[in-house]
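Right, one structure below, let's go through it.
By letter and in written order, the chains are A, B and C; residue numbering begins at 1 in each of them.
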Amino acid sequence: MTASDLLEVDDLHVDFHTRAGIVHAVRGVSFAMGREKLGIVGESGSGKSMTGRAILRLVAPPGRVRARRLAFEGEDLIAARESRLREIRGKRVSMVMQDPKFSLNPVMTVGRQISEAYSVHARVAAGEARRRALDMLAAVRIRDPERVYDLYPHEVSGGMGQRIMIAMMLIPDPDLLIADEPTSALDVTVQLQVLAILDDLVGRRGMGLIFISHDLNLVASFCDRILIMYGGRIVESCAAGELASARHPYTRGLLECLPRLDEPRDPLPTLKRDPAWLAGKV
Amino acid sequence: MLRVNELSVVFGQGHDALTAVDRVSFMVEEGASFGIVGESGSGKSTVLRAVAGLIPDWGGEISIAGKPRPRRLDRALARRVQMVFQDPYASLHPRHTVDRVLSEPLTIHGVSGVEERIERVLADVGLGSAFRFRFPHQLSGGQRQRVAIARALVLEPSLLLLDEPTSALDVSVQAEVLNLLARLRRERGLTYVLVSHDLAVIAQLCDRLAVMNQGRVVEELGVAQLRAHEPAEAYTRQLMTASLGYDPEAIAAFKDFSA
Amino acid sequence: MTAANQGWRARLLSDAPASRGQARLGQWYRGWLTFSGNWLAMLGLLIILALLVIALLAPWIAGQSPIAQDLAARLQPPSAEHWFGTDAFGRDIFARVVYGARITLMIVVLVAVTAAPLGLLVGTVAGYLGGWVDAVLMRITDIFLAFPRLILALAFVAALGPGIENAVLAIALTAWPPYARIARAETLTLRGSDFIAAIRLQGASPSRIIRAHIMPLCLSSVIVRVTLDMAGIILVAAGLGFLGLGAQPPLPEWGADVSAGRKFLLDQWWIATIPGLAIFIVSLGFNLLGDGLRDTLDPKNGGGG
């Protein structure tokens, strides 16, 4: 992969100021990425999703995003105005969420939603937008794009819905796609098929991909590089192929505690959490 | 312990009728642990709910401990068969303390020695008495699932139906719950029927399993056979391949078994 | 003292309560913290508490009788002797407003203790049992819902005779159907949930499930709705009084007093305005309280109830 210049994140923090006090969801995350597939893995509460949202500054109040540097292709996102951020979101950086049912507008056909996503950023005629949308549906391997174009979100299956979401997010030709558990709601075979499409499109367009997931094995087999998060920090960062030789006890523990088909272990090793992993200044 | 013969479940009527379970048969010996694996819509949870008595209309035969299961929920059967649900966030009453959750079944059945039973079952699932008066929102996901298991055990049933008991949990918590379930089965001589979409979870906890697709049992096999990568059916082999992670070539060869 | 204070606070907010009582109190205390953080809700609560105190201590606060006539001192403007002035019969309006709090409170309490439980029971039973029970109960509810409240209340009062008791009965009979609807809608979503399935598997009877598992969860939205409705109920009661079908003279009912004062509105504005303001303030109080309760009792907040 090329130089790490697509996205730079240095000392990213997300804090929530509540009546009960300040909750630090993300505590000093730093990484840089190029046009590669970067996996962020962690358990619930690790701050992985919040990190993904904070990159686009999509954290709702009372949450606050701070960073020493947060730059997309050299452009500072922390200092950027909201109007500039809106331009970047969608056009340059897209985001796919876990459940398509909540991300698609239920009263608009999926085709119209995709062509609208296109025409918002590229001012083209309606016919051209429709043609592009149909092409995109075909690109995510929907067999009969013309028919699917006129369906409403409730008329499509989970796997197809997620492919439609991906089509919608990729049609403005973004440089970076942030996918937050994009396939967790799907059956494992469908999940892999959707990932294969995503892999293909990302590779062909030379995009960057941030893939956020709880599934260590899946991320290791799908991504180029992995960040492992725990308690709002990155505890380990390694190339996907070198996961087996991970050093941090948390990463090792996560790998160990998965039940395996080939190697029965009874009882399963469990993860001993060390408070020291959370210690240190925020 | 459990015999299911030609079980069929149809939802809806007339044109909208959907056959969720289509002539499913299997048998579980006393003290054994039987797994049912399948993808969403395969009918695996429906089988479990029919056995539990949560679905009143089904065809075929279900017998528990040699006696045919009545169609209606049965108070006496509650002391033999209990169930653990998938989502520990939805399976505990939000306004009831752990104490209330555990004492209510005992009250319903007029069991004496409530105090000791509750203390013991809490200790058994690895929650101390410090947890006894907490509300669900004061517990983590794993702790909630332990409470749900304690609730299922407090009437001392012999057959436990487990509906994806770990799929809503983080992997590190999943390992703890799987270990707990294995230990409880050893200690109490329980019989399990475990439904999951995850072959590795089934292999961890069960001796035999049935693979379901589209409401039917595709094949039934031993876990040793599964571990040795020797399933007879292509569908099972595809599930196994998929569970190994992302591999573009293998995925390109995937077939659609929904037809 | 501060140390002791912090001691019980910590005990109440403890994540590991040691007894049933402590768990329950802790739940209530957490709810109170949410509620008291909302100043509008606190204002509502304050108004309702003031209503309670005034109703309770009416004879001492009023200082004079609300029905004693003094025709020599009729239609007097507010003064040191008659704070809110006097009406057409020379009765002290301040005393009438103060004693009127009792009648308003009585109406509110009677309606709340009859309509809310009835609606809750009908709604949860219909929702949980479903089938023909649901169909029958809900059609009955629809019949009551189909009539405008004031019209139905008018019909009842016309049939049973005017008077405060019949007015309350009429209002209660028209107030329960919305509660039944709310309770049923909530019950339908709860019915399929795993925790209900779990208790069914443990052999609990339908009556136990409805009583101990479903009702407590529907209760909070019904309470909120009742509180929000209170303003409307007071207005209907006042409306009946205004039309002469509610409280009968010489009872000091606010609505009837507004009605009596309207003849003098241009010259002696205080006769109708003061009881009208009382109605307005109490209605506002219940509305604010209801809004605050909704935020506090929302199960999504894990609040107590």
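Going forward, contacts are C-beta pairs under 8 Å (C-beta built on N, C-alpha and C of every residue); 3 or more make two chains touch, one makes a residue touch a chain.
Only a predicted model underlies this, so the values are computations on that prediction, with no experimental measurement involved.
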>> Which category does the touching pattern between chains fall into here: line, ring, star, complete, or other?
In response: line
>> Measuring between Cα centroids, which chain is at the maximum distance from chain C?
In response: A
>> Rounded to a whole Å, what is the gap between the Cα centroids of chain A and chain B?
In response: 32
> What whole-number Å value describes the gap between the mean CA coordinates of chain B and chain C?
Replying inline: 47
> Which chain C residues touch at least two other chains?
Replying inline: none
>> Using the touch definition from the top, list the residues of chain A that touch chain B in their complex.
In response: 43-44, 158, 187-193, 195-196, 199, 214, 216-218, 220-222, 253-254, 257-262, 264, 266-271
>> Which residues of chain B touch chain C once you look at their complex with the stated criterion?
In response: 52-54, 73-76, 78-79, 81-83, 85-87, 90-97, 99, 104-105, 108-109, 130-131, 133-135, 137-138, 148, 151, 155
>> For a test of understanding, state which residues of chain B touch chain A in their complex under the given definition.
In response: 39-40, 141, 170-172, 174-176, 178-179, 182-183, 197-201, 203-204, 226-227, 238-240, 242-248, 251-252, 254
>> Please output the residues of chain C touching chain B within their complex, sorted ascending.
In response: 15-20, 22-23, 27, 193-195, 197-204, 208, 212-213, 216-217, 299, 302, 305
